[in-house]
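Shared chain: subunit A. Partners: subunit B in the first complex, subunit C in the second.
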Partner chain A sequence: MTDLSIPSSQSTPAVEGVWEQGLLRMEGDSYPENSFDFFSPVILWIEGFLTRTQRPLTLELRLIYMNTSSVKAMMDIFDMLEEAHREGRQVRVRWRYDPRNERVVEMAEDFREDCTFAFDIEADEADEARGAY
Partner chain B sequence: MKLAERTETELIRHIRAQLADPAQAANPLRADLEALLLLSEAQRIRLERLIRISDGYHDLERSRNLSLIEQYDRQIQRLEKLTRISDRYQKHLRELNQELKQAVLRDPLTEIGNRRYLLESLKAECARAQRKGGGFSLALLDVDHFKTVNDRLGHEAGDRVLREIARAIQAGLREYDLCGRWGGEEFLVMLPDTPLDTAVGVAERIRHNVSQIHLEQTGSPLPLTASLGLACHQPGEEYSATIHRADLALLRAKATGRNRVERLD
Partner chain C sequence: MDHIDLYSLREQLSRHRILLCFNGPISQSLIEEIGNALKNYLQVEQIQPSAAMDVFGVYIELTQNIRQYALARGYGEHEAAATVSVARDELGHYIVQAGNLVEAEDGRALLARVADLAGRDKSELKALYKEQLRRPRETQAGVGAGLGLIDVARKAAQPLCASLTPVDEQRAFLSLRAVI
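Let's turn to the complex of A and B:
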C-alpha cells in the first residue's frame, strides 16, 4: 500500500518502490557515508512487501559503482530474497547495465553466485542507455 | 556363584522370589528387605530421569555449537564474497581513473597529446634539465593558410587535415620526442636532450612529411605546407620563455615565405 521514492544524490542511487506492481527500482552510484541510514528504508520496504503480500516481487537494478558497505547491504537484500524464495515466494532480480560499461557484469555475476531465485543480468538497449545518461 | 557377582536384574529377581516365598514369610528381615527393594527401584527411576535430562542438555549444547560453527562458516563466506566484489569495484574504479587521466591529456580530434599534456611534459622536462643539465629544443608548427582550407572546403576537411598533420609530425619524430596539439592549427614538438643543430633536422623532416601529405587523403585541392619555429631551452629559464622564442622564430618563418623552418638561438 505504500510506495517508496528516494531521489538520487551524488552518492546515492534513486530508489523507487511501486507496491502495486511489486517492483523496486534502484539506479545510479551508491557510496553513501552512512549506508545503514540509506538502505534501512529500502530493506524495510522489501520486508514489508514480503510479509504483507503474497505477490511476486521484482528488483530492477541499474547500479554502477558501489562502496563496500553498499555491497554488504545488497548482499543482505539478496539474502532476504533467497529466504523468501525458499519459502515458495516468487522473487526476481533484473540487473541491467549499460553495454558501454561491460565491467559491471563481473560484479553482478559475483552477487548472483549463491542465489537460487531468478537473477537476470541484461544489457540495456542502446536507446535506453542513452536516455539514462 | 557369589551374590556380589550377580547382575542387578538377577539379584532383584532373586529378592522378589524370596519375598514371595511363603517359607520366608516369618523372616524378621523380610519387611526391611521389601522396603529396601522399593527404595532402590525409586532411586533407579530418578537416576534414569536425571541422565535423560542431562543428555537433553548435552544435545542442545552440541547442536548450538554446530549451528554456531555453521553460522561462523557462513559469515566467513559472506565476508569473502563481500571483499571480492568490493575489490573488483575498486579495481575498476582505478582503471576508470587511469582512462580518464589518459582522456584528459589527449586531444580528441587528432588523438595526440593536448595542451595540458604538453604543459605537463614541459614542466617535467624543465625540472629534468635543471637537475641533470642539458637543454631540450622545441618546435612550434603552424599549418600554412589553414583558414583558406577551412573556408573553401569546410570544417570537416579542416579536421581531416589536422589529423593528417598529426600523423606526419609523429612519423618525423624520434623515439623519445613528444608532440601535441598546442591549439587551433598549431602543434608543439618537444625534443629532449637535443641541441638546436640536431633539432633542425627533425623539424625539416616534419616539414617535408607535411608537404608530402597526399591531397586525395585530405580532399583538399590546395598544396598543404607548414611553417616551424625552433628554440632551445636555456638553463634556468621558464619554459614560457623558450616557447616565446620558438613563436618568434615561427613568425619569421611565416614572414619569409612559409613552408620553412626558422630557428632563434
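Let's turn to the complex of A and C:
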C-alpha cells in the first residue's frame, strides 16, 4: 500500500520498504544521536504491514556498524517479528555481511539468539571487491 | 597572553603516538566528521576490518555518551565539551580516551561502575549487555551511561580505566580509557 524510502546519510543506513513484495531492506552504518527518531518510521512501516496484510515479510539487512541505541531499536524490530511469528505469520531475516568483518556476524548472532523465526546470516562474497572499514 | 608552543605540543602528541585528538564543544556532526577522519586513518593503516570497527565503535559510544550526559544534565553548548584522543601503542593496540566535565557525584558513580565492569569476563559482560538491552527506556538513567559503557568493555582488549580529577567544589573531569 505504501512504500518506504529513506536515503542513507553519514550516520544512518538506507532503508527501503516494498509493500507489494513484503520486503524491507536496510543497508549501511547506523549511529545517529537519536536512534529512536530514526527508527520510528521503520517500526511504523513494519507494524502497518503486519496488521494490514497477512502476507509474509522479509527483512534484508546489510547493516555494518551499529551504535548501542541503534541495536536497541533493532531489538524492538526483531521482537515485533518474533511476536508475529508466534502468531503464525511468516517472517524472515536475511543478514548479509562482508566475510572479512567477523564482528558483524557476532552482532547478528547476538540478535538471532533471541529469535525463533528464520534468521539467516550469509557471507556476501561480492563485498570482497568493495573496501568497507 | 603566552604564545602556545606548538612545537612542544607536537612533541607531546608524537611521544604518545596520538593519531588524532580533539578538545572543545562537541556536536553530533563534529562526532561524525572526526569519526570520518578516524576511519580514514584506520583504512590507511590497513588493520583488520573488524578491529577498525571496534576502534570506531568505541570512539562513537564514548563521544555520544558525553553528548547524552551534557543533554541530560542540561549543560549549555560550551559545557557540552569533550577531550578525545586516539593513539596507537608499540604493540599495535589502539587507545581511545575520552574525557568531560561531570558533577563530582556522577563521576564517582561512574568510577564504581567501571571498576565493576573491570571484574567481569567477556561472557558476563555479554549477559549484562543483554540484560541492559531489555530494560525499558524510561528506567535507563541518562547519566548512567549503561549500555554504551558495557559495549565499550566488550570491545576492549583490557579492562577499562577511569580517573576523576576534581575541578571545583561540584565538578570533576572524568577520563575514560579503552584499549582495543
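Convention: the second predicted complex is superposed on the first by the 126 of 133 C-alpha atoms of A that agree within 3 Å, B and C clash if a C-alpha of one lies under 4 Å from a C-alpha of the other, contacts with A are read in each partner's own complex, and residues count from 1 in each chain.
Here is the rule we go by: a contact is a pair of C-beta atoms (placed from the backbone, for glycine too) under 8 Å apart; a residue touches a chain by one contact, two chains touch by 3 or more.
Remember, predicted model here, so these are calculated numbers, not experimental data.
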item	value
Touching partner for A:71 - first (subunit B), second (subunit C), both, neither	both
Touched partner set for A:111, first subunit B, second subunit C, both or neither	first
Partner chain in contact with A:11 - subunit B first, subunit C second, else both or neither	second
Chain touching more of subunit A, residue-wise (subunit B, subunit C)	C
Touching partner for A:100 - first (subunit B), second (subunit C), both, neither	second
Partner chain in contact with A:19 - subunit B first, subunit C second, else both or neither	neither
Those residues of subunit A which subunit B touches in one complex and subunit C touches in the other	65, 67-68, 71-72, 75, 103, 110
Interface residues, subunit A side, partner subunit C - complex	10-11, 31-33, 36, 64-65, 67-69, 71-72, 75, 98, 100-104, 110, 131-133
Subunit B-facing residues of subunit A, complex	65-68, 71-72, 75, 103, 106-107, 110-111, 113-114
Residues of subunit B defined as touching subunit A within the complex	78, 81-82, 84-86, 88-89, 92-93, 95
Subunit C - residues contacting subunit A, complex	28, 31-32, 36, 39, 42-43, 48-50, 52-54, 56-57, 60-61, 64, 67, 126, 130, 133-134, 137, 147-148, 151
